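For reference, chains read A, B, C, D, E and F in written order, and residue numbers begin at 1 within each chain.
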Amino acid sequence: MFIHNKRLQYTVRVGETNPALASLLLEQFGGPDGELAAAMRYFTQGLAETDPGRKDMLMDIATEELSHLEVIGSIVAMLNKGVKAQLSEAAMEEAELYRSLTAGGDSHTQAVLYGGGPSLTNSSGVPWTAAYVDSRGEPTCDLRSNIAAESRAKIIYERLINITDDPGIKDALGFLMTREISHQKSFEKALYAITDNFPPGKLQGVAPFANMYVNTSQGEGDMTGPWNEGPQWDRIDDLRKVMPADGGDGVPSVKLSRAETAVEKKVMARTASDPASDPQTGVDLGAGPGAGKITGGEDMGAAKDIKHADKI
Amino acid sequence: MFIHNKRLQYTVRVGETNPALASLLLEQFGGPDGELAAAMRYFTQGLAETDPGRKDMLMDIATEELSHLEVIGSIVAMLNKGVKAQLSEAAMEEAELYRSLTAGGDSHTQAVLYGGGPSLTNSSGVPWTAAYVDSRGEPTCDLRSNIAAESRAKIIYERLINITDDPGIKDALGFLMTREISHQKSFEKALYAITDNFPPGKLQGVAPFANMYVNTSQGEGDMTGPWNEGPQWDRIDDLRKVMPADGGDGVPSVKLSRAETAVEKKVMARTASDPASDPQTGVDLGAGPGAGKITGGEDMGAAKDIKHADKI
Amino acid sequence: MFIHNKRLQYTVRVGETNPALASLLLEQFGGPDGELAAAMRYFTQGLAETDPGRKDMLMDIATEELSHLEVIGSIVAMLNKGVKAQLSEAAMEEAELYRSLTAGGDSHTQAVLYGGGPSLTNSSGVPWTAAYVDSRGEPTCDLRSNIAAESRAKIIYERLINITDDPGIKDALGFLMTREISHQKSFEKALYAITDNFPPGKLQGVAPFANMYVNTSQGEGDMTGPWNEGPQWDRIDDLRKVMPADGGDGVPSVKLSRAETAVEKKVMARTASDPASDPQTGVDLGAGPGAGKITGGEDMGAAKDIKHADKI
Amino acid sequence: MFIHNKRLQYTVRVGETNPALASLLLEQFGGPDGELAAAMRYFTQGLAETDPGRKDMLMDIATEELSHLEVIGSIVAMLNKGVKAQLSEAAMEEAELYRSLTAGGDSHTQAVLYGGGPSLTNSSGVPWTAAYVDSRGEPTCDLRSNIAAESRAKIIYERLINITDDPGIKDALGFLMTREISHQKSFEKALYAITDNFPPGKLQGVAPFANMYVNTSQGEGDMTGPWNEGPQWDRIDDLRKVMPADGGDGVPSVKLSRAETAVEKKVMARTASDPASDPQTGVDLGAGPGAGKITGGEDMGAAKDIKHADKI
Amino acid sequence: MFIHNKRLQYTVRVGETNPALASLLLEQFGGPDGELAAAMRYFTQGLAETDPGRKDMLMDIATEELSHLEVIGSIVAMLNKGVKAQLSEAAMEEAELYRSLTAGGDSHTQAVLYGGGPSLTNSSGVPWTAAYVDSRGEPTCDLRSNIAAESRAKIIYERLINITDDPGIKDALGFLMTREISHQKSFEKALYAITDNFPPGKLQGVAPFANMYVNTSQGEGDMTGPWNEGPQWDRIDDLRKVMPADGGDGVPSVKLSRAETAVEKKVMARTASDPASDPQTGVDLGAGPGAGKITGGEDMGAAKDIKHADKI
Amino acid sequence: MFIHNKRLQYTVRVGETNPALASLLLEQFGGPDGELAAAMRYFTQGLAETDPGRKDMLMDIATEELSHLEVIGSIVAMLNKGVKAQLSEAAMEEAELYRSLTAGGDSHTQAVLYGGGPSLTNSSGVPWTAAYVDSRGEPTCDLRSNIAAESRAKIIYERLINITDDPGIKDALGFLMTREISHQKSFEKALYAITDNFPPGKLQGVAPFANMYVNTSQGEGDMTGPWNEGPQWDRIDDLRKVMPADGGDGVPSVKLSRAETAVEKKVMARTASDPASDPQTGVDLGAGPGAGKITGGEDMGAAKDIKHADKI
């Protein structure tokens, strides 16, 4: 059960209102790496977790992330306090209000639609979606996902710190950023407290394919490094060797029943294309009087000629 | 530039058609951990990457994931080959076709809407969204996200292997699963080939908060482990110490201009609630003749009485 | 700041595992009227609220909804406990596992993708989206939205109770349903504790249009009732009176600058359609040898003839 | 069946083109509280409604909302008329066109993607989704949802009026806003014309829980009001009384079969975490030569030191 | 199987960095008509296609679109190269960085969330969704969808060319635009190489309805043209003739079982509205002391009076 | 302005209730090719259209599609009439109701969430999104998109006819399908009534690239046809000729300012990977005691060995 105390986990002191900055900070309220995503990632894992230590840790951190959601949401609410009241009470001339709403970011939507309250969107106004939550119900995956998620959240906070000069906000963002570092450390400890965590899950891989590195991107700039070279790797540079990687013909096949085969023939006959035809097409009808138009460009010069002079 | 060879990276041999199984396999075609998500994750990172080794690796693996997308999509196409033709040609009585479409999974939508072609949806028919792609433009984050993504993809393949008894499909899924293991290894090597990769990004954390573990979930079942105990941790059990964690009062504040303050007062006056009132409400109007109804449950017994006998 | 206690707000006792039922109950975990939507609706309102009484109430109820999210999520986790372990450990023959996953609902995705953990989706697997949260930052709207949301949540719980015969689950659902009734009552009180709450917001309506009822749907079945008849209403049956409702010509217009007018003429000339033409079209090219085909149906009988006999 | 007359329900007279304003007005065309959402909410309810009076009312208002969609869309089309032609005909130097597209709001996408036509997006460019439509097929819910939706639509129109100084647009917005007030009145009448409309639906609540108010958010600022105090309420301040609210232990449980229990043990053993371990982790590997780095912040001062001077 | 060569299909030469322009160009990277949508449209069709010629063509063009995705993504990466590094290294004062991020478009999200890498979003930051891919598994549909998609992609490129004055970018965009023209031509040829491609699919239409044009929008401005007049058309101006178009009563009906009828009566009785009632409503309670308020506007003048003078 | 008549455009006569069939028919109510998508596609085009003939046609067809939305929605409502009442009144034992809801398709969500009313979702429960609407504000594109959309709608109706044996529903679906054929014909006429409609838009292509066909997919199965061979085509089989297609080096470049270059160097140094390193990684830590585990598969046999025998 959750309980709430009206004090924030970190005191929020905002120097002056600024709805455009508020709209950027939404990234950590309703964005993909924001605090709701974090809280829900750990909470959904915690509910299904049966290992008592991990379950406790997941609920601890999920709960703290909800408190962080409250801190970042409170900053947004403070930054929007002016515009919220001004728009609500029509406190300025229309043109002045209009200008104040279109000063930057997506703060216009924050004001018109959300009335200056913190919205669960990212900084472009995209609503939060549970598609951001990648809990999979297997700890050797989920802990890695959590480690990655904390590292992403850390970097977004770092970027927001880099563009904020209000010392009170910067201070609170520094706290929040640091907590992500701390949480990453906890998840790392929990991952490696599972003795055998690689490969994730239970099934081992198929031996011939586990050390194979397929050099599919070739040409000038081909590089080697520990990720494709050394005793752990069998690098394939001649791609014909993996066309296919098994001993087959590389062609997909399925055994159809007799009835299925009969119907398949009917559909193929009905929709057959005639490769020997040279049909007149809608393009031919539509290209206008100039025959050259059929080619879509015959009377054009090189690409560099697409310039203003050709236009009205 | 991309080039395509008509041979698959792994030969697909499907024993018989099965649209319901096809709809489950879509998880790795258009699902969050599927091959399109993988390809696009590495491709978007590769385009912006400037380190030559990592860029090469990202393009190698992105390209291979596209080939995997082709393998899994080909399996789906083979499994759907029967229903595709039967529905297209109306080859069965209506009721029989109807039954074949509603045999399980979300295969009904695969047939009616997508005509038996592989659709970029997950196994519930949810369209793929770029919200699945968590590239952030910072290698110390992105490589961790890639490691996590590969571990998730591995586990989904493992689950699909566990529910498939067609040996040809199982074989191909085993190949695809193993390649995820291999890619995870490459991304791990690339992460640790960056000498100083923790904390991710450039900013260090704020010292007092980096080792703090906040025990926010308490009660029976509270546990310790390497994630919250030991020399690296300062665990907070008395939560009053972090209400707030700084030396402040835990209350959010913002400095308003004089004009903003004046308008704020107006909006507060207009929307003030009267805590001393006892207003009649819509519920009072709507609760019907029985006064007890206002309470919404006065004449009910315990919850266990919500049983069939009370109904028509 | 949020704190968590490991005890649930209501004890969850599940009689036996049932993943298909679990997938239906997700409606109240990650569905549009589920507990996350409720918690986030009130939490976002509470953060921006300045009236102290309403702010306290919103945080109280938001926090309780998080506890309800935990209760419903715990039911789902219990119902999925069997399939989660069986799939993870491959504890059954493939075909048996496959059948158990496709027994009903969207439980297949719950198992394959989410590993049996509670997912933030509705019962069709659609991920939760903040588009469900309709907080608008004006209490005379938001409280009405909250009243409506509670009434929707109540009815979904009622439906779930009607399809569940596990007494422990039914009991917990009865508790959760009743709490929605209680919350609706609180929000009603809070709405009417604002002395002047209609029309919502600050602006009054434009007098001639506020009592007008436009009878736009006519024909057999036209009805009257208190919503369109009586002293508060001026019903318009002759729709010509509101074409337009003002004294104008009902045609949209905009004053263009001279330059805009000139360009407008160019675009109109370029894209003009010739109403006097009778062009050959792609359809004419594609309709095949039978001239009747151009009409798309000349050789067909009445609709009832679209029957199986016409097909292969 | 629907019929259309080319006259608008309200004459649209726009003073001059302004694509940035157009992009804000989209909130009522393709936004969550816009006219399409309104029309579809009532239309879907009307189709399934069996009460003849309500059905008639729902179709009346749904149809009128379509006419409002036409009015607001026509305003947007007029405001965009200049940019639509200029971009289509390349009527200005590139840099000038570029500047005109990035003058504010999300008008850039309106021009580049939608070609100046009204798009079914909100003011941030988010496509309209049926997730906005909360029809639930129970009139005692749906009418409350409709009342709330009308109040939200009213407030968005009010905000748009407050930022618009074009008198013709303001005039039309005033009409549209007033109609929302009128529709709210109709839905209120229809709700209370159902004699017994609370609790919504058929099931009564469970008596002990219907009057309970749980004071989950405590600390300085705790308030009372008619929503939690008085004869209708039993307020719980000592939260231990609802941990849990029933007489149980607050712990979730499920009865597993013998086979399920056996598998559960296997998965727990495989993924057990060792709470007594102190594993080396990826963070330890990645923190670089400085041991202090493991803590993620040892060499940092207070948060206020995250300032520009520390950077390049 | 896919192979990658590090050379682009077209050389990208960007004159200077410009993140706001980059954010507009995203329309063709992750927008609905962008290169990923194109590649996935043809790729999903190609996998399920059985006609060998069409299959080859679809894979050819799908692969080329991936190469175009790489070209447009590389332009975006080049344009963002400055902001990516500056934000990453905090190379400017906070306020300066903040201003550079909010200079136009949705480039703020590109920098803060995506770190300057190309994101799979449109120019408003909306994530790419497979809802853009309209492959239906029937070539007489899919080829028409492909023709339309190419025409849309062409026009978006044209608009981007019209707003770009960097000659290197304009040159590359001209190449990409021209390739869409070329692809449209291929798809037209493939459509008309199917001898009988209209109506699409197998079923013919129902004769009486195939030539009918229903003039549902009437009033001043009613027009004729080849789309509704001439030997192929039977235009219905008197709409009573199609209310309904069949010989029935235009009323929906269903045969209910006896049990269904009985339950239907119960639900109708429970939720019946009383058309003869005149209930007091929540609006009456909430409209404040002024009786006129019930009407929502009695004391207002004409709409034009909604002006600034009425406000604070 | 829209007007509604209570008679349907086509009489709906449903033989018996069937919620699973209803859930499939939703494809044409709230699916991507359904009637709402059609209505909104033409309506948004019509509002911005300035050519009087096309504008009239677009409004005619948009209005008719709304009437079709009403027809298909009425069929769904009739099919759901039984389950709607039964669930609402709890008219059956819980287990019986539960079974009736999980009989096929996604009808469970239709009942539990939408209460048996027609929902704006597709047959998998995915909410309708305006991402389906591809209006672009240029008639030479939009008319092609409309032609394609009508062909897709026709084929979905054909498939639904093929799986429905209720003669009344089949009859209505036949009407709706035929109207799509008719609308396609109108849009074709309107496209070709624009004299010069290819290439779409105003800009011509760049000559050297308009006739080029790039044979990017090679290997066994390479084909020729009118889409890549003949006088209109210049086919490129040697792909080195288009690496790149211009005369450049195929490498993306951007001119950075001196300051940008300096920062770029810093970020490259900070995040440099060391290709000569052989770092220990998280995988090495996590692979457990068996050294072979590092390779992720050493002790595995061929893929075919992933079989049940290896599991518990």
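As a convention for this text, a contact is a pair of C-beta atoms (placed from the backbone, for glycine too) under 8 Å apart; a residue touches a chain by one contact, two chains touch by 3 or more.
No experiment lies behind these values; they were computed from the predicted model shown.
Among the remaining chains, those touching chain A and also chain E are B, C, D, F. More C-beta pairs in contact connect the chains of C-D than those of the other pair, out of D-F and C-D.
At the interface between chain A and chain B, over half of the residue numbers involved are used by both copies, so each side presents largely the same positions. After Cα superposition, the angle needed to carry chain E onto chain F is 180 degrees, rounded to a multiple of 5. One simple way to say how far apart two chains are is to compare their mean CA positions; for chain B and chain E this gives 24 Å. In whole angstrom, the spacing between the mean C-alpha positions of chain B and chain D is 21. Residues of chain B found to touch two or more other chains are 1-9, 32-33, 53, 56, 59-60, 62-64, 67, 74, 77, 84, 88-91, 93-94, 106, 113, 115, 121, 124-127, 129, 131, 136, 138, 140, 147, 155-156, 161-162, 170-171, 174-175, 178, 181-182, 184-185, 189-195, 198-199, 201-203, 205-206, 209-211, 216-217, 221-226, 232, 242-244, 246, 250, 263-264, 266-267, 270, 273-275, 277, 279-283, 285, 296-297, 303, 306, 311-312. Arrangement of the chains shown, judged by which pairs touch: all-to-all, with no pair of chains left without contact. The touching residues of chain A, counted against chain D in their complex, run 1-7, 50-51, 53-54, 87, 90, 93-95, 97-98, 101-102, 106, 108-109, 111-113, 115, 121, 124-127, 138-140, 147, 161-162, 167, 170-172, 174-175, 178, 181-182, 184-185, 188-195, 202, 308, 311-312.
Residues 20-21, 24, 27, 31-33, 89-91, 93-94, 104-106, 122-126, 155-156, 159-160, 162-165, 170, 216-222, 239, 242-244, 250, 264, 267-268, 270-275, 277, 279-284, 296-297, 303-304, 306-307, 311 of chain E are the ones that touch chain D when the two sit in their complex. Chain A contributes residues 140, 191-192, 194-199, 203-211, 223-226, 230, 232, 246, 273-279, 282-283, 285-289, 293-303, 305-306, 310-311 to its touches with chain F in the complex.
Touching chain A in their complex are the following residues of chain C: 1-9, 30, 36, 40, 43-45, 47-48, 56, 59-60, 62-64, 66-67, 69-70, 73-74, 76-77, 80, 84, 88-90, 113-121, 127-131, 133, 135-138, 201-203, 263, 266, 279-282, 285, 312. For chain A in complex with chain B, the touching residues are 5-17, 32-33, 52-53, 55-57, 59-64, 67, 74-75, 77-79, 81-82, 84-86, 88-89, 91, 129, 131-132, 134, 136, 138, 140-141, 144-145, 147-149, 151-152, 154-156, 158, 161, 171, 174-175, 177-179, 181-182, 184-187, 189-190, 192-193, 198-203, 205-206, 209-217, 221-228, 232, 242-257, 259-260, 263-264, 266-267, 270.
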